[in-house]
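Next up: the structures, one after another.
What follows is subunit A paired twice: with subunit B in the first complex and subunit C in the second.
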Partner chain A sequence: MNGRGRLLFWTIVLSVGMPFVPLLLWSFSERWFFPALWPQDFGLRAWGYVFTTAGSQILGGLTTSCLLALTTAAISLLVGIPAGRALGLYNFPGKRLVALVLIMPIIVPPLAVAMGLHLWFIRLGLAETFAGVVLIHLTFCVPYAIFVLWGVFSDYNPEIEEQARTLGASAGRVVWSVMLPMILPGVTVAALFSFLLSWSQYLSTLIIGGGKLLTLPILLFALMDSGDRPVAAAVSLVFVVPAFVALVASARSIGRRGLQGVR
Partner chain B sequence: MIRPGFARTSFSRKLHVFLSVFLIFAGPVVPVVTGQVLSWDEAVSGARGQTVDWYMWGGSPAVNAYVNGYLADEVKRRYDITLRQVPVKDIAEVVSKLVVEKQAGKDDGGSVDLMWINGENFRTCLRYGLLYGPFADVLPNQRYVDWTNPTVKNDFGTPVEGMESPWGSAQMVMVYDRARIAEPPRSVGALLEWIQAHPGRFSYPAPPDFTGSVFIRHIFYHVAGSVDRWQGDYTQAELEQAAEKTYLVLRELQPALWRGGSTYPESPVRMDTLFADGELDFSFSYHQGDASRKILDGLFPDTVRTYVFDEGTIANTHFVAIPYNAADKAAAMVVADFLLSPEAQLEKAKPGVWGDFPALSQQKLPPQWQQRFADLPRGPATLDDVELQSHQLPEPPSEILIHLEQGWEQQVLKNR
Partner chain C sequence: MGRLELRELTIRYGAKTVISELNLQLQDGEILSLLGPSGAGKSTVLKAVAGLLPPFSGSIAINGQPADHLPAERRDTVLIFQKPLLFPFLNVGQNIAFGLRMTGHRGAAARQRIERMIAITGLQGLELRRVHQLSGGQQQRVALARGLVLEPSILLLDEPFSSLDAELREQMRELIRTIQQQTKTTMLFVTHDQSEAFGVSDRVALLLDGRLRQTGPPEQVFYRPADVDVARFFGCNNVLPGSIRDGYFHGARVRVPTERADCNEAVAMIRPEDVRLYPAVPGSDRPTGRISGIRFQGAMSRLTVTTEDGPVSVLSIRPHWHLGELVGLEFPADRLHVFPAGQEK
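Here is the complex of A and B:
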């Protein structure tokens, strides 16, 4: 890394990392008044609340959130990859209409979508179930996944698949060994998008989940306007860490360039 | 700090707009006549083994700790009831959920067993027939409640009539730092003069924030020169006239407010932060013990104190209610009764626990319990019950509240 690269690297690390410093300090502070630059007293009251008083609630929320976000991300990919491929590689009548319909759940306020679907979900017995909440998350996640993968497939050269077939690869082998490695960065981005979107859903989870599914955002949002900054900071960190882990874990494959085909 | 049903944020406004639009398309909700209410014996025997899902504003770690700790343990031990708290940001979200469930014809097996509400959300629930009851009269611990008290009998001008059961009381108190101000202004009139004499050192959360809104009502009572007149019959013209005078006073106040009134704190939390950071010399809270609690939590300095105006400050009661389609009504009734028991109310009143003020009337309690309440450590900033209760003013009906909030937006906020 040369001097300029190093400067850029540290600028990014600082600008991304700095906002977490006050959060960390707040979560360990007992007393911190203006104009003190540093907390006057440190203590573990906030973390005590997170781990003991609200411990079982938060652990439950963490598990529920993870399961929901992983399921939603997986299904988003299952739908998004074929859809993105179709939209990226082929032209067909009504393509723009399809794009409009896909983008609808993003344009329409989520509150309207969730409330409108709630009535139907009650009638279908989906309200207050895990499946129902996954479905409502999918209405927001699937469009993003499709749009990301649409872009990926626009740059994709299917002739490479033909080359593989000529060399005797089966259809499954082509998907697994040719297509997936080539679009992997895009797939990771789409999965990450879906995971993070689902991870941060509050209102739709509340309306469709009806309090049966207590996710982390529900616990966090309820606490946010307490004015108890140490506790809010501690819960925020608990909320951020898994998302951060997901980001770091996927960073390698995002940073990697997809395999380039030979034209 | 405690804002059960009345956190009327811009978000809950938005929700109400969607709700009304939704109802236009979905057709009207017809309130049903509620059937027979369980007797106390039926409730106790049916409650065993049930789980109560209690939907409530979950913004206070102290309240959450009291509910998930003491209350959950006690109802488990005494009645074999599992108490499950469902924290929400704004109980209006839950009211909307119930409206939709009613629309969808989900008349039993509902997930909400108990909810912490009052004021406008209670009124909305009554209008759409979303509540089970009247159940409050059946609970044995009602005998300690003074139902003749205007702040208990009416919930913001709406008669309670047993459709919700009291849980605690709230009263507005002024908050100041003794280290900064030796002698705070003791009446609304004196406060207005103080603000003019000390520009930039006072502000209030922008209505419809509930705490900001209650400040406006104190000005309203002050300029109208009467409190009781708004409880009974008043004409629209009288209201308009008093409201106009209120806006005039508030407009005159604006240049002397924090940042010249060009902006307002968006919440009491923000106001408390500005106060703690020394930007403002006063804060106020719709909770008598909030300042002491904040001192204990290290959010306020030790020298912070509270006081009430000589003419009194506005007070109200917060309640719990049971939805019409609750799956576990029996257990919900038992929990509502336990909430009112002297033991639970005493625990709740401890400043280190929550510091919420009892919904029970001290006169109606047995002498030994009166003594225990009197002996409670009150926290450094909290006034005693006598001082507080002798300075209580009732809330005006919701119509006046809404009229003032909307008028404030038109005449004060936009007219600067």
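Here is the complex of A and C:
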């Protein structure tokens, strides 16, 4: 690595890593009072609390968050792939309007969207249910998924599917053995977006879930309110890990081929 | 091995008729070129034969069996597109094996067919390469191998070499002929390039404005055009007006025998390389003109001779004429094609 490369590398490491330094310090501190720059006493109390006392609660939060994010990501793809294909490959009247409608839940403050939908969800019996929370997360995730896949399909040459057909591939196999591998990097990005977006939802989960669905962010806010900083820091780190794993896992599939195959 | 028969094939896009009443037969093991300018609907015909585009009317039969109801994946045809369209997520070997995998061929027999095709197309040693590591010519050879490994009755080629440079294109034509000799595959080859059509095929079919105008061996369509448009397409751009009487075409300064029926308005056409120039003889009643343009084009030079009846285009090897020089023109009788003028658009 040359000088400039090294500089770039450390700039990225620092800017990404900086926020985590205080978290790490807090999670391992026993006593840290103003005006000390450094914790006065180090210890494992916070981590002990996370893994033993509150262990089952946090594991429950992790499971709920994971299930929610995976379900949301899966449905986002199921909607996003056909929608992105239609928008990317075909011209039809009202296409610009679709783009506007899609961007609405993103530009309208999420609080307003969640509050407004809450009233509907109560009537429909969706409030305080897993399905209701998935639906409210989808209002934010689906637009992102569609936008990503719209871009992917704008660069997609459907002739490759005709080629596959004349080589003996049935319609179903064209989707499975040609289209999906071709758009895999885009699908990964869309899935990752949806997963992470759902993973970090707090407000909408709180409003629609009404405290019944204890996701990790809900637990985290409760802990922060209690004023126990070391424990809040430790839970924050636990919160980051699955998101980080998802990012690294997908970065491999994005990086290996990039988006070049789409062209 | 395979026969193809198109009967009264008409294809429409919406209200626009792209191909009208096309009749065409391909014999077993024949290469036929479908030649025509861009936008003549050549690729449309291929897509219809491949089953990718439903025709408006007419029928398609492969080996004597109607194929109209068969979807693309079950037709015994493979279409090779202009672009190689290789699957970027598969390597060369997997690309070639794609069709066999889709049609459920596995095991040693499939392996053997793939290896044979790799040998014929000269791709040995490249099986494990990723497709973006190949050159344009190699990519198109992989596309050919991928199609041929399925041993289709009819191989359809849609200008497969138009994105390659001249030398590679020549090599690919040779390869097509070699493959044809080794596999005896019947091929329908679409191109807008005359020399490609002549170099590759046994017969040429000329498609103009969605209609088949003339079908025959390359020399025949080139030297014996069926009508004015065909003659023009092949570069026969000198048109002498006149009339036909008593078995003779009478022009301003030419008189040639013809088998065509009498006609008040007729034209005689001659290829630019068939016009002969000689030093002008003063006082002669033979046509004369002045050289008004010389354009060097490599092997041939294109001269424009301005005559009383309009400009005449002449192709000549190493011309020794100068701009403004007065020359005599000779139109050899056996090189003039006479048509009734009504055919001209």
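Observations on the model:
Quick note on the criterion: the second predicted complex is superposed on the first by the 224 of 263 C-alpha atoms of A that agree within 3 Å, B and C clash if a C-alpha of one lies under 4 Å from a C-alpha of the other, contacts with A are read in each partner's own complex, and residues count from 1 in each chain.
One rule holds for everything that comes next: a contact is a pair of C-beta atoms (placed from the backbone, for glycine too) under 8 Å apart; a residue touches a chain by one contact, two chains touch by 3 or more.
Note that the coordinates shown come from a computational prediction; the quantities given were computed from them, not determined experimentally.
Aligning the two structures on subunit A places subunit B and subunit C next to each other without any clash.
In the superposition on chain A, contact of A:178 is made with subunit C only, not with subunit B. For the combined arrangement built by superposing the two complexes, subunit A sits at the apex of an angle of 160 degrees to subunit B and subunit C, based on C-alpha centres and given in steps of 10. When the two complexes are overlaid on their common chain A, residue A:222 makes contact with subunit B while staying clear of subunit C.
Contact with subunit B, but none with subunit C, is seen for A:45 once the two complexes are overlaid on the shared chain. More residues of subunit A lie in touch with B than with the remaining chain of the pair subunit B and subunit C.
In the overlay built on the shared chain, the residue A:54 is in contact with subunit B alone; subunit C does not reach it. When the shared chain is aligned, subunit B comes close enough to touch A:31, but subunit C does not.
Applying the stated contact rule after C-alpha superposition, one finds that A:160 touches subunit C and leaves subunit B untouched.
In the superposed model, A:92 lies in contact with neither subunit B nor subunit C.
Here's the short version: in the overlay, subunit B gets within 48 Å of subunit C at its closest Cα pair.
Those residues of subunit A that touch subunit B in the complex are listed here as 29-35, 41, 43, 45, 49, 53-54, 57, 109, 111-112, 115-116, 118-119, 122-123, 128, 202-203, 206-207, 210-212, 214, 218-219, 221-229, 231. Considering their complex, residues 1, 7, 14-15, 18-19, 22, 26, 53, 55, 57-61, 64-65, 68-69, 85-89, 93-94, 96-97, 100-101, 103-104, 106, 111-112, 267-269, 272-273, 276-279, 297-299, 301 of subunit B touch subunit A. Here subunit C touches subunit A in the complex through residues 47, 50-52, 71-75, 77-79, 81, 83, 85, 87-89, 98-99, 102-103, 132, 146-147, 150, 156, going by the rule given at the top.
Across the complex, subunit A meets subunit C through its residues 157, 159-160, 162-171, 173, 177-178, 181-182, 184, 257, 260-261.
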